[in-house]
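One chain, subunit A, appears in both complexes that follow, with subunit B as partner in the first and subunit C in the second.
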Partner chain A sequence: MTQIAHERPLAAPLRGPAAAHTPRSAGRRPWVAQAAVLLGALAAWELLDRSGIVSDDALAPPAATFARLGELLVTAEVWTAVGQTLTGWGIGIAIAIALAVPLGIGLGLSNFAYRSTRLVVDFLRTIPALGLIPLAALVFGASRSAVLVVVVPACVWPLLLQTAYGVRDADPLALETARSFRLGTWGTLRRVVLPGALPFVATGLRLSAILGMLLAMSIEMLILVPGVGALLGTAQRNGDTVDVYALTLLAAFLGLAVALAVSRLERRMIRWHPSVRSRR
Partner chain B sequence: MSARLLRLGRHLLVEAWLPVLAVTVWWVGSASSTSLYFPPLSQIAERFRELWLFDQVPVHLVPSLQNLGWGLLCGVAAAVATGIVIGRMPRLHSALLPLMEFMRATPILALLPLVFGLLGLGVTSKVALIALGAFWPTFLNTVDGVRSVDPQIREVARAYRLTRTDIAFRVVLPSAMPQVVVGFRTSVSVAVVVVVGSEMFGAGNGIGYFVLQAQRTYAIADMWAGIVLLGLLGYLLNLLSAGFERWVLSWHRGQRAAAAVLGEGAR
Partner chain C sequence: MTMTDSEFLQAIGLSHSYVVDRAARPVLHGVDLQVRAGEAVCVVGHSGTGKSTLLRCLAGLLRPTGGEVRLDGRRVMEPPPDLAVVFQDYSRSLMPWMSILDNVMLPLRRGLGSQERRSRAQQALADVGLDGTGSLYPWQVSGGMQQRVAIARALAYRPGVLLMDEPFASVDAQTRADLEDMVLTIRRDTGITLVVVTHDIDEAVYLADRVVVLAGTPASITADLRVDLPPERDQLTTKADPRFLAVRAEVFNMIRTELARAGRAT
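Showing the complex of A and B:
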């Protein structure tokens, strides 16, 4: 069934990057090689800087970059910006969940609704999310609302489609069992359909959360809404190369933190799922 | 025959009533709009016709599509090639894992200032960033697909003494293909976002630039026309990549079987 993923959202929540985390035959001490690779990357950066191929205006040396990042990390300004970015992102994701999960359940349960909305959903979800930035800037200016106007619609789609697909994917045998036990509509929904859909929702949540972070920072950078993105955009406009590099690293670490947090959350939800299945 | 036509008609009706209704509501509801931000749809449609059929197409649409094409081509080609190599070398894969996790978690557009600084405010930077954005989804899916090739199939290939190249192209790549293509489709949508973002950040042309510039000069109907064009573009690209997937995987038996089951289920 995973082969029909083109018509539907990602169908296999158990695969993907999370599955790649288990090193199968990674040698005895993978961290030695891993540390070597990271050091090698830093060394390459240093060498590129020293070689003088790239001008100093364009490339900051690693030592200065990390030093600047250290300086920045003890300023209140940077932590305020991190807080602003995370708040905008968090509110956006929360609204997206509140909208997408109930709607997704509805679309999953009703074949008519699923088919009627398909063209509209397909059209709306393929609008490049950043295309809405001008509209957001126009109506709301450089404010958090502008971030939300772009983040919420973009993050609704993965969640909505994954939820709808998860609900439609409900095991027919389990549904019939629920009927013979006379669980009723609500009982079936709560005890069979929704638990079965949860892994799909978790995948949708991971996709949305990562996408939301990308978009939140981009909007901050493009229309200077206060946050990490705006710091970066300002540094670029001022031509401060070391600042650009240090803040890019900060943005990368923030992205990494979000990605790790949500894939952890997702794995927790998935771990719960097979345990329920084996009890059944 | 007429029964089939009837079914087709009903199918179209079910799928199309909501889009038609939505456009009608927008059209009628905005007809007498005097709001600065939300001009009548008729006005947007007129600007759309004036701008995009086909006056501004060579100025803004063609450069965007060119960057998209080059970026996608470079990114995806690099992703499949390195994905196959790294997917078949578990140790290398494990050694690269932390670096890859870090790089792929970086919000791609946060690299805009850095890349523009390194490569200048030209086409090169944009194509490089689009390629990088397109790289990760295809790469990760390729690695995953290659790693999950059935070990038994590998052993059979070895028992038949297939050469390394034969194994790569006749065994590993075909069986990883479904996942590669799923990754490719994600790459396409990421690439479109990077195209628009890079044009908004630093450019003198392209559809992203056009839309942002229209907003800054309060040419609101132009901005809406640009957003509609972006929507159509995204939708068409999605259709194209779906078609591409079906074409590439048409040999895939599982796919055909699933399609048959689905087809019957829908009737």
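Showing the complex of A and C:
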């Protein structure tokens, strides 16, 4: 609460343009600060390249990188790769949701199930997802199945745990209200428990979506499953420095786009939640 | 089973203990309360005596650790179908993800049809003076308005028995008077049975056929006073009526004595 109040000072409209360069107004308009940081990073990149400290094989100049990215973005090959990556990622997330949300509801509803599976869940989710890659490559080769075998298990955990937390977090008085009006088990679940758990599920979805994108591209890169990751892996194997940098930027933008899209979706899903209300 | 009219809603030897740090903490002990069908009973008592606990037992939401609650001759083990509760903590009992209208429609059965459900909910909102707020969310309106949404929701349900826990605590004096009169009107029109918990002695006497005082630790009913006033009541004339003043003074004294006794005990 206090943090929100701090970020949005009540006196803001009274301030004149003279205040535009104070740190507070930068906080109020984060894009100003963000643009400054971005320009700084680009400048540092350019300086590092010109200084010659790093060899040309290891560092591409920013201008050439962006020019190459521009060229790549008009080829069908890159857009096909983007589509393949997004498809693999999307299928993986969809399967993870279909598995994790119902299971999470079950875990959240039953105290017994929640307590008795806690240890197993905590153990299983510490298995590093990347550790599954050699196994996936061995069994499925460079195919979408290999992507899914890594993405799905990794993305199940955040969704499963968040859903279970959300269900367990239901307000006791809201439940009592449901009981006094005799909404029944199904009515209570559908109209009270699940809507209340949605903010938690949305957080789980955001975590899983970003994690899923990172993993999908990593697998594509390591075992050359067709997609953005494979383009990057191939460029690296060919020693094509500018291509590597351009494709890395592309991969970063793809990850950013996914993160932004999911945050938007999250806010739409839970318009009523205190974390979203103030921004309406 | 023989049953007289006076045994419509009853608490018989009702006791309740909460478990705090593995020890039983008795809150109610041997509460006996009889409410006739169509009667209005107000429960008064100082903060923390167990008024909400009693109400939750009557509502079938809390299984008492001793004694029993009966409604229309049947033992209450779960919330009965013909009963509605307005909770003290009204804001938490409203669903923040539902509009005000949807909140009021929450308890209305699908079987009623969407037209009927909507018009009932709108009527109930109008009854509590909240016309035209249906599309807002509970968190977009004031605490007093939220409290009235909770009341409207219970009214839309059209229960035979309405239990209200300090239902007018967050509204201004004028709205409070209006809501009290609305409750009296609804009572006259529907013959609803009412149990109202309140801190306000004037309100208790104004609304009730009987005022019961809950006091002691653990609490029981220490006084049961009949309000000898005609059913037609008026904010000005009733509150100036000598009979009103007499009951008011009596309740006031009972509570003051109880507080003094509790003060000596500690």
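Please note the rule applied: the second predicted complex is superposed on the first by the 237 of 280 C-alpha atoms of A that agree within 3 Å, B and C clash if a C-alpha of one lies under 4 Å from a C-alpha of the other, contacts with A are read in each partner's own complex, and residues count from 1 in each chain.
As a working rule, contacts are C-beta pairs under 8 Å (C-beta built on N, C-alpha and C of every residue); 3 or more make two chains touch, one makes a residue touch a chain.
Everything numeric here is computed off the predicted structure, so don't read it as measured data.
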I'd like to know which partner A:Thr177 touches here: subunit B for first, subunit C for second, both or neither. second
Touching partner for A:Leu161 - first (subunit B), second (subunit C), both, neither: neither
Considering only touches as defined above, state whether A:Ile127 meets subunit B (first), subunit C (second), both or neither. first
Kindly classify A:Ile97 by the partners it touches after superposition: subunit B alone (first), subunit C alone (second), both, or neither? neither
Determine, under the contact definition given at the top, whether A:Leu38 touches first (subunit B), second (subunit C), both, or neither. first
With both complexes superposed on chain A, which partner does A:Met217 reach: first (subunit B), second (subunit C), both or neither? first
Just to be sure I read the superposition right, which of the two partners does A:Leu198 touch: subunit B = first, subunit C = second, or both, or neither? second
Which of the two, subunit B or subunit C, is in touch with more residues of subunit A? B
Of subunit A, residues touching subunit C in the complex: 171, 173-174, 176-177, 179-183, 191-192, 195-196, 198, 270, 272-274, 277
Would you tell me which residues of subunit B are touching subunit A in their complex? 14-19, 22, 37, 90-91, 93-99, 101-114, 116-118, 140, 143-144, 147-148, 178, 181-182, 185, 189, 192-193, 195-197, 200-201, 208, 211-212, 214-216, 220, 223, 226-227, 230-231, 233-235, 237-238, 242, 245-246, 249, 252, 254-255, 258-259, 262
Would you pull the subunit C residues touching subunit A in the complex into a rising list? 56, 59-61, 78-79, 81, 83-85, 87, 89, 92-93, 95-98, 106-107, 137, 139, 157
Residues of subunit A defined as touching subunit B within the complex: 1-7, 10, 15-17, 19-20, 23-27, 30, 33-34, 36-38, 41, 54, 57-59, 112, 115-120, 122-124, 126-135, 137-139, 210, 213-214, 217-218, 221-222, 229, 232-233, 235-236, 241, 244-245, 248, 251-252, 254-256, 258-260
